[in-house]
Amino acid sequence: MSLNTFGHVFRVTTWGESHGPALGAVVDGCPPGVPLAEADIQPWLDRRKPGQSRFTTQRREEDKVAILSGVYEGVTTGTPIALEIQNTDQRSKDYSEIAAKFRPGHADITYHWKYGLRDPRGGGRSSARETAARVAAGGVARAVLARMVPGLTITGYMVQLGPHKADRSQFDMGQVDQNPFWVPDAASVALWEAYLDGLRKQGNSCGAVIEVVAKGVPPGLGAPIYGKLDADLAAAMMGINAVKGVEIGAGMDAAALTGIENADEIGMGAGGPEFRSNHAGGILGGISTGQDVIVRFAVKPTSSILTPRATLTVTGQATEIVTKGRHDPCVGIRAVPVGEAMMACVLLDHLLLDRAQTGGVRGRIGG
Amino acid sequence: MSLNTFGHVFRVTTWGESHGPALGAVVDGCPPGVPLAEADIQPWLDRRKPGQSRFTTQRREEDKVAILSGVYEGVTTGTPIALEIQNTDQRSKDYSEIAAKFRPGHADITYHWKYGLRDPRGGGRSSARETAARVAAGGVARAVLARMVPGLTITGYMVQLGPHKADRSQFDMGQVDQNPFWVPDAASVALWEAYLDGLRKQGNSCGAVIEVVAKGVPPGLGAPIYGKLDADLAAAMMGINAVKGVEIGAGMDAAALTGIENADEIGMGAGGPEFRSNHAGGILGGISTGQDVIVRFAVKPTSSILTPRATLTVTGQATEIVTKGRHDPCVGIRAVPVGEAMMACVLLDHLLLDRAQTGGVRGRIGG
Amino acid sequence: MSLNTFGHVFRVTTWGESHGPALGAVVDGCPPGVPLAEADIQPWLDRRKPGQSRFTTQRREEDKVAILSGVYEGVTTGTPIALEIQNTDQRSKDYSEIAAKFRPGHADITYHWKYGLRDPRGGGRSSARETAARVAAGGVARAVLARMVPGLTITGYMVQLGPHKADRSQFDMGQVDQNPFWVPDAASVALWEAYLDGLRKQGNSCGAVIEVVAKGVPPGLGAPIYGKLDADLAAAMMGINAVKGVEIGAGMDAAALTGIENADEIGMGAGGPEFRSNHAGGILGGISTGQDVIVRFAVKPTSSILTPRATLTVTGQATEIVTKGRHDPCVGIRAVPVGEAMMACVLLDHLLLDRAQTGGVRGRIGG
Amino acid sequence: MSLNTFGHVFRVTTWGESHGPALGAVVDGCPPGVPLAEADIQPWLDRRKPGQSRFTTQRREEDKVAILSGVYEGVTTGTPIALEIQNTDQRSKDYSEIAAKFRPGHADITYHWKYGLRDPRGGGRSSARETAARVAAGGVARAVLARMVPGLTITGYMVQLGPHKADRSQFDMGQVDQNPFWVPDAASVALWEAYLDGLRKQGNSCGAVIEVVAKGVPPGLGAPIYGKLDADLAAAMMGINAVKGVEIGAGMDAAALTGIENADEIGMGAGGPEFRSNHAGGILGGISTGQDVIVRFAVKPTSSILTPRATLTVTGQATEIVTKGRHDPCVGIRAVPVGEAMMACVLLDHLLLDRAQTGGVRGRIGG
């Protein structure tokens, strides 16, 4: 991870501001010979697109991705893939207030300190709009994974909205696409709608917890000690806007387990070794076990709220600010496809990195 | 982060196995002209050293660090600093059982799958002994930070042992060094002792939560989008052995806050802008705010326990394993200085990286 | 240097094919607060632009650069700068012959082997058109250098065309922009014109040697052992299309010198230490001396020639090929601004990297 | 290449000074399962070892390498391999003169400027002694290459000593190990001996040109645009102490060729495509062709000579210096095994990097 690039050998570099002419990603190190078209990427962007329910920002962006390089006759060539998304709805509003004051919870003040200046229009580079570029890159990663590891699936969903946790005993993954929250517990939907509507009316917002699960991940991905799969996933998820916590498997609750409980015992199943539980979240010693890779992350409440908050002007005067405009009452909702995209990129990167070192050959157990 | 190296410009590469002849770190990119001797590093290693109470492994390692390069006449030269620690207590025990079976919760099976072979002696590279190299590197980072940012302090402590959370209302940092748990709440000590003694007698173990706080961090460290300070801290902490969750500031609990609660309002204090709360944990938009940088991480229970657990042999036979030997009943205890070391390395790296891009000049507010 | 990115902290990632819709560069790590507009970059692209004399390809490309991010109100913000150049003259010609046969001296066969497919239109990614992206990035580097090191200048020129070396005793840098060869020896122009016209009429081509000199480079840039300034310059120049040799200072001729001759003796001048010669080309031990940094590189003859050459078809049949189309008879001519751009990027990268490690403070001599 | 590390996925980090207690390398990313012992590495170090003829320094170093990690039961484990060489002959001489004055042609003055201090004992980090660590790392790379690409050979030899070029028409590779110069032209030996003896008696020194050839390199290694095989080789060779020029294939002479001459025509041979010449030096578009990979580099004359040269003291006084001590009259001689080692490391790195991206699958021609 180095400034605006991440990945070891499948490397993604993103650029663009919320209200600049466009934003994009350059995807480098992509294997050649993979069928790829805009139509393979666009559906993931459409999932993330704003304005799909009353619970996401009403900004209207087409978010149409264009592939500008690295694909010839519908197939990746192994050269860098430039992905570009035009910004079409940079509403010509008045940014003078945001330019003059620091919005609490936003990067306004830290950008000001670090760079001495900032692009105040929609948060500039720190806007969650940047995540569109990640989702586009994730679409490329998914297309490659689909070919290299056919059974692999990546699914993100919400497990908590504000203080309300979904009921895991009721999880039905078929529900995830059936509600505006991507929650697999249908019973939560009405409660969450009511809660979020209430917050919106108050000019308030809330946070969320998202879980992303990858099934079918081959064992052996990752590497000690700093190129660990879990370390890279942690960085990838913590790097998403507004994320404040990342968990693998049992996560923070692992602290409260005993060693007897936490041991994921191993038996021999029909297809090879089988673990009897997965507190490890599919990763031991930084390397995948072949079980589900399970990551969770917490997204803080949207900082742009209609309730006045104390702050300073750029000239150091005490003032208040109300952040008007079109904002998600819970940015966590739209973080679901972003988390999936980051998972896809990290897994592909480690698949390629493992292939570099080991050739993808696996040690045998029995047989 | 790339395999066994981390850092952008202050880069640490570690090597060594639990029972090899030695282990070490190469610290590259260190500023020149910083006074440095083994005596500056040794105290941090001594804090991490095993065998200091009945709650840590009884393995006896001197953990004496030697500086083999990069220092001349007591001062860093700007060339790589090689740090080396001899392994002196590689007890010549019988590893045949560990070699033949996979210990649940350990990296045995993932190393086997990935590499086709593994060094079973004490867990080889995946042993927590590797963290001695990090602590040594952290000692270098601390020496540099002490010179470049005189007021900066880094303090780690435990906030939870198994299910028992320390009482934050009773925190007294003066207590941290007064008990074997590095817990700032003196009232927790007796309870934790009893709990951990009970587990030990059962042949069991437990997890923990460690908090590391850096005070006096200048604003402006970090960078969007993937070189974020919080993303790098997340990777650094998640990369420590047995860590399953990482939080910044409010962490996973941020999900349950509302936007009104979560907004860290800003006022003008005597010395400049002041935040009225720190849910952000000192980081906004991936860049430090000048507030305390607060990281927490959960360590899973020690996987080496005296209670039999089901597993497989290398030849695929179902069996059980009891992990004898000298093990910490709670590895989280000794993770405290490791977390501090990682914090030191990441902060120094970002301090230098910021200096590269901005020259360390800060935007002004008022004045 | 990693696939399509180069630089340590000032990092340039390029993308695009000769006949794709566009090509571009993402410049990351740029210092904030630097005035930058397309008008600062365009002149360098104009120097490289084809079709300016009969000695360069007649392909007509406007090569208009657009800045899509990283600049706000005319000043760099410290976030990634996306530069984009539309391809406007992708003449809809018939590429079936190039697609079916491998052109000797081109990357056709190696791309085919490596990737299993290639974009044959104009050479795809391996086209010298990619160098426009480098020149654009170099324009950004120059704008930053102009601010950070006001006296620094970078000048490229040709010192050899085919077998004809320019006469160094006649060098007048004022001549460089006065002839189509960027040669500082006016007397060479007529000879070179005649030579190159002759080759063109034969359906032949020739190589060249370019020298790039940076004056005013501060001492202390670079680093042992692999981040050496000369090592990075060597990679930068060797990575330019068709380059087969790179020299620093005395270069290959250093082999024939004796130690007595080669010692650049040092005396004390009015402004500080002065070297009495510069066989070192401004770099000792991988670190700049403050003298002129002098790099030379040889460009092989244009491989696209009108004389038939033996080759294979993709199906392995022996055949011949004549490369029609619009080609430079000496690609070396247009490599001059490319070499300058690479010098600018490498110097700025090392300036920032040095600032990271040392803060830019210099050891004193005397005084 | 980043400070003291090189390589993309097979990464080598070196440390150590000429007169420190030891020097070493950490080799990361090495494939697992490769038989490796000190005995596989030592022969390469023995080739480089000083004191083997009157033409190399009389410093006596055993240069015994120890493997401290990453190998278990004689086989690489995939974890970092720490290689260490003790310095045994740090003669306790008086370094006060070198500490007080800058030796022309050495890095003394640039280290002083950059770091504000330097380790003057034997040149500290800038000593050619560092190359022992590269040679050790190269021994690891060779062991891996021997397994992954059985037919691959790497051979270095001298082609020029001072002004005297060996006669290529007389090259017999069987001669390379039969003379102190590693020159394949037996007729040159007597002449070179006489020339070098003459220089030694004068208190003078000379430069050299070394050629390193890799045979049996698979096609397809390397990558556009900045991860080119030739760019990485150029950096690797230019990064060796005292190197001032690097050439691939025809090298600087490519400038004087015409396109007709330079085209390496392609025909179909018994085993597949065959090139009729190799001006390209085995690399087209940054990617290997399967032909011999040919690199040459020029080493400047030894800067430590017995003839007084003008210089400054650290306090800025004009003075002279004679560099006494044990020095190679032509450091180029001992650069031969160093060049081989760098070739081995770069080729293995690209072999692994190619495997990451393409899986090592090659496009087919015919058949």
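Order of writing sets the chain letters: A, B, C and D. Residues in each chain are counted from 1.
To be clear about the criterion, contacts are C-beta pairs under 8 Å (C-beta built on N, C-alpha and C of every residue); 3 or more make two chains touch, one makes a residue touch a chain.
Given the structure is predicted, the values throughout are model-derived calculations rather than measurements.
Asks: Looking at chain pairs B-D and A-B, which one is connected by more C-beta pairs in contact?
Replies: Comparing B-D with A-B, the pair joined by more C-beta contacts is A-B.
Asks: Taking mean CA positions as centres, which chain lies farthest from chain C?
Replies: Computed centres place B farthest from chain C.
Asks: If you average the CA atoms of chain A and of chain B, how far apart do the two points sit, in angstrom?
Replies: 25
Asks: Chain B to chain C: how many Å between their CA centres?
Replies: The answer is 45 Å.
Asks: Per the centroid of Cα atoms for each chain, what is the distance between chain B and chain D, given in Å?
Replies: Here chain B and chain D have centroids separated by 38 Å.
Asks: If you look at chain C, which of its residues touch at least two other chains?
Replies: 2-5, 8, 14, 29, 32, 78-79, 111, 114-117, 125, 223-224, 358
Asks: Mapping chain-to-chain touches, which pattern fits: line, ring, star, complete or other?
Replies: It is complete, because no pair of chains fails to touch.
Asks: Can you tell me which positions in chain C touch chain D when the two form their complex?
Replies: Interface residues on chain C, with respect to chain D: 1-6, 8, 14, 102, 104-107, 109-117, 125-126, 130, 160-163, 199, 202, 204-209, 219-228, 230-239, 241, 243-268, 273, 276, 279-281, 283-290, 296, 298-305, 307, 309-312, 314-318, 332, 354, 358, 361-367.
Asks: Enumerate the contact residues on chain C facing chain A in the complex.
Replies: Result: residues 2-5, 11, 13-17, 20-24, 26, 28-29, 32-33, 66, 68-70, 72, 75, 77-82, 111, 114-119, 124-125 of chain C touch chain A.
Asks: With touch defined as at the start, can you tell me which chain C residues reach chain B in the complex?
Replies: Interface residues on chain C, with respect to chain B: 8-9, 29-32, 78-79, 223-224, 352-353, 355-360.
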